[in-house]
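Chain lettering (A, B and C) follows the sequence in which the chains are written, and residue indices restart at 1 in each chain.
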Amino acid sequence: MRLSLMLLISHGKRQRRLGGGKPQRLNILRKVVTGLVRHERIETTYAHCDEAKFYAERLIDYAKLGNTNAGAMRIADYWITEKDLIPKLFETLAPRFANFDGRYCRLYRLPLTTQNTLDTAVLEYKGNPYPSLRPTPKNHPNSIANILVEGLRQDYEKKKTETV
Amino acid sequence: MAASMLVRAFQNSRQTWSTCSKYASLEKQNWTLCLPAVTTILPCRTTTRRRDRLPLPQRLYVPDKSRTDQDRQAEELTPDNMAHIQESYKEEEESLTQARLCPLKDEPWPRHAWTPESRRTGVLATKIGMMPMWTKTGHRLTVTLLQVQDCHVIRYVPAWDSDNPGILTLGHRTCSPFYLSEEYLRTFEKAGVPPKRKIAEFKVSKDAAIKPGTPLYAAHFRPGQYVDVYGKSVDKGFQGVMKRHGFKGQPASHGQTKTHRRPGAIGTAGHGRVLPGTKLPGPMGNVVRYTRGLKIWRVNTKHNILYVNGQVPGHNDGWVKVYDSILYKSKHKNKLEDHLGNLPFPTYFEEEEGELEEDLYDDELFRFDEPSIVFESAEGAKK
Amino acid sequence: MAAFGRVLLRSRQKLCLRWSSSTVEAAKPVTASPDITDTVQDQTGSRKTTRFISPEFIIPRGMKADFPTKNHVERMDMLRRRSVMDIPEFYVGSILSVLTADPYAPGKYQKFVGICIKRGGYGLGATFTLRNVLNEQGIEICYELYNPTIHQVQVLKLQKSVDPHMVYLRDALPEYSTVDFNFQPVQHNPQDPVPILDTKVLLKPPPWYWRWERVELQGIDREHMRQNHLSQKRLDKMDNHRKPWMEFDLMYEYDTTKVEEDVIKDMEYFQNVVRRKKETVTSEKATEEEKT
């Protein structure tokens, strides 16, 4: 749930309005979630991604109950419009997130450019086969700042061992 | 001092990221999705202190090409070093706050006795919600809860003239120094307290000056006294006259066309213009408001909560200034000696007064661990 | 398929004020027949194992949940009041009698007996509404649960409505909300599940307090309402207001397990620390008095 203090203060809005009315909103989000389950990384508008993220994560919670659970199957049947994906949800995604704590998605906003002024974003399931969008952290331990802080850290640790 | 140096180093390594944002719009052709070539994308963290907007997730940015990789490497810290900075700062913050817990031991400023002309400092507090309470006569009250969180004296500027009050600067709610400007951090160095989210000034008389670094608690105020609360009211946006000024509006039917919530005539006859100050639609709220003469019903000394009568301007989680009511000069003149004379002066020091009870109640307030109310006569119920 | 929806609805009623407890948990027991699920839920429900938490302890979602200090302080006050006056477990549909101190009543006390049709509010501001019909006149009194003028809340008959509220009794025949003032208390074994009040109520002809045909409440006899009280126009519009997608909108689920953990932690803290402190203080005072 995208419930935050600031959002509630601004007129108590809990969710965005998409399409025409509440059933239409869910229909849009169903398509986004289905696409996410199929491709595991999708690019749409930021508003759609942000709303769909919550549902995509809760869907995994239900999928973890197993495909023998009637309630979970009912929810999966509603949220996945292309029915060939239902086995994938229960047999591939649910075991993948068995040890996760509930945050199964990543959301990135893309830069606004002169060509495309639409606020777009990337939504992905964790553990997908694509290369990472974030750079791999590189260590430069021989830079000046790092050498100075390293020295401080060694002093600090030495002091600690002496006091003990 | 070591910590402040480290903060600089931390901020420098952050700044390289934020400067990337300037060039983001120029580099669309470089942006390719799902390809391993995009390995040099860096996240941007802005160092804004605005809190009225939702924190949005970070954007992905194409890096600044005017800077070479070597430039960037020179300023980036390894995760171990970054963790060390934060860890060592935590210890320093703890030592800073603990050193200030007993302010009287540390060369206190000369103390003075209270006089009717004295003016104590107030405190900064957070509004955390409202709840009902009852008096011993069964009368229902609504109280607002104001929490005093890490309130410290930061600076005292004495008056240039004996007639004028001095100015005491207070800080409220400790925060992380890693995203604050250098000038802002410097204000806290002299007082020796960790940096604060909010600072505000209070006028105090000469004899009520407090040494910088002293912590202030909710026990600065006592149940039974009256306080004034100062805060910024809730922003209502652009509103019509019925909501903004309480106009009556016009009937719903009986031949009304498109005129139900409008102001009606604005009295331009004769002069032919709109007089300044005419009540018209416009922005409402988001202005500073005082509520004066609120009674303090109860003080929680453990969590530092003031239970103040009635409503207080502003949102929950917003800051407010609380100080002794100025109505003691006019409306509550006869209670001045009783109320203000018995308060801790210039403020509550724990080592002087000893540890207080967890809850201090007003005499009229019903305590929830008392037995239910029994009425002896009908007059007993009247407030 | 229908079993899950039934369970979801039932869990909403169980918790009165909230939408559902963790629906993921509620979905767990699966049986073949949807009718059995309900009874299995109630019989094997966590009633024996977990503690009963009164619904006013569960804070609504949103900004109020973001102030743990305020919630803690408020709960301590609620527990203080509960340590002095016994507030029993009751639900919408239970028959209660309430004794309050009233300065204007003869004898300074007032007693009212009625059926609980609504529970509202949270924290110290929690309320419940009792309804009764006296001399052919319907009477409702809204009591504040933590008001210090209340001396006794007694459950005469513990039962639970299938609906989250029973406000429709205002538009029903008076016999459903008439309770005798000398109603004899019905004993209830705390080990047993709470009996469900599943009478179908016959409504009076409109005008009504609310358009009951639009609301999916199980306590109303819909067939009787449809045949006797609704015009063709209202019948046609009836289904326009149904919201079948609501049970799939996962955003409306409210997982209260964390709040319940906090409440139980506070209850234990109160039992171990606050009450013990008070007892030692009172015993010290007593010994001092004896000495003097």
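Rule of thumb we're sticking to: a contact is a pair of C-beta atoms (placed from the backbone, for glycine too) under 8 Å apart; a residue touches a chain by one contact, two chains touch by 3 or more.
Labels paired with UniProt names: A = Large ribosomal subunit protein bL17m; B = Large ribosomal subunit protein uL3m; C = Large ribosomal subunit protein bL19m.
Keep in mind the model is a prediction, meaning the values are calculated, not measured.
Visitor: Going by average Cα coordinates, which chain is farthest removed from subunit B?
Guide: Max centre-to-centre separation from subunit B belongs to C.
Visitor: When I count C-beta pairs in contact, which pair ends up with more: B-C or A-B?
Guide: Most C-beta pairs in contact, of the two: A-B.
Visitor: So how far apart, in whole Å, are subunit B and subunit C when each is placed at the average of its C-alpha atoms?
Guide: About 38 Å, centre to centre.
Visitor: Counting only Cα atoms for the centres, state how far subunit A is from subunit B in Å.
Guide: Spacing between the chain centres: roughly 34 Å.
Visitor: Indicate the residues of subunit C shared as contacts by at least two other chains.
Guide: Residues 63, 66 of subunit C touch two or more partner chains.
Visitor: Please output the residue numbers of subunit B that touch at least 2 other chains, ranges allowed.
Guide: In subunit B, the residues touching two or more other chains are 317.
Visitor: Give the residues of subunit A touching no fewer than two other chains, as numbers and ranges.
Guide: In subunit A, the residues touching two or more other chains are 5, 9.
Visitor: Of all residues in subunit C, which touch subunit A in the complex?
Guide: 1, 3-5, 7-8, 23-24, 26-28, 30, 61-63, 66, 243, 245, 248-251, 253
Visitor: So in the complex, the part of subunit C that touches subunit B is made up of which residues?
Guide: That would be residues 63-64, 66-67, 69-70, 72-74, 77-78, 80-81, 83-85, 101-104, 108, 123-125, 144, 146-151, 278 of subunit C.
Visitor: Help me check something: in the complex, which residues belonging to subunit A touch subunit B?
Guide: Counting only subunit A, the residues touching subunit B are 4-7, 9, 41, 43, 107-116, 121-122, 130-131, 133-141, 143-146, 148-150, 152-153, 156.
Visitor: Mind listing the subunit B positions that touch subunit C in their complex?
Guide: 128-129, 131-134, 138, 140, 145, 147, 300, 303, 305, 316-317, 366-381
Visitor: Could you list, by residue number, the parts of subunit B that touch subunit A in their complex?
Guide: 2, 6, 9, 12-13, 24-25, 27-28, 31, 33-36, 38-43, 51-54, 56-62, 73-81, 84-85, 88, 315, 317
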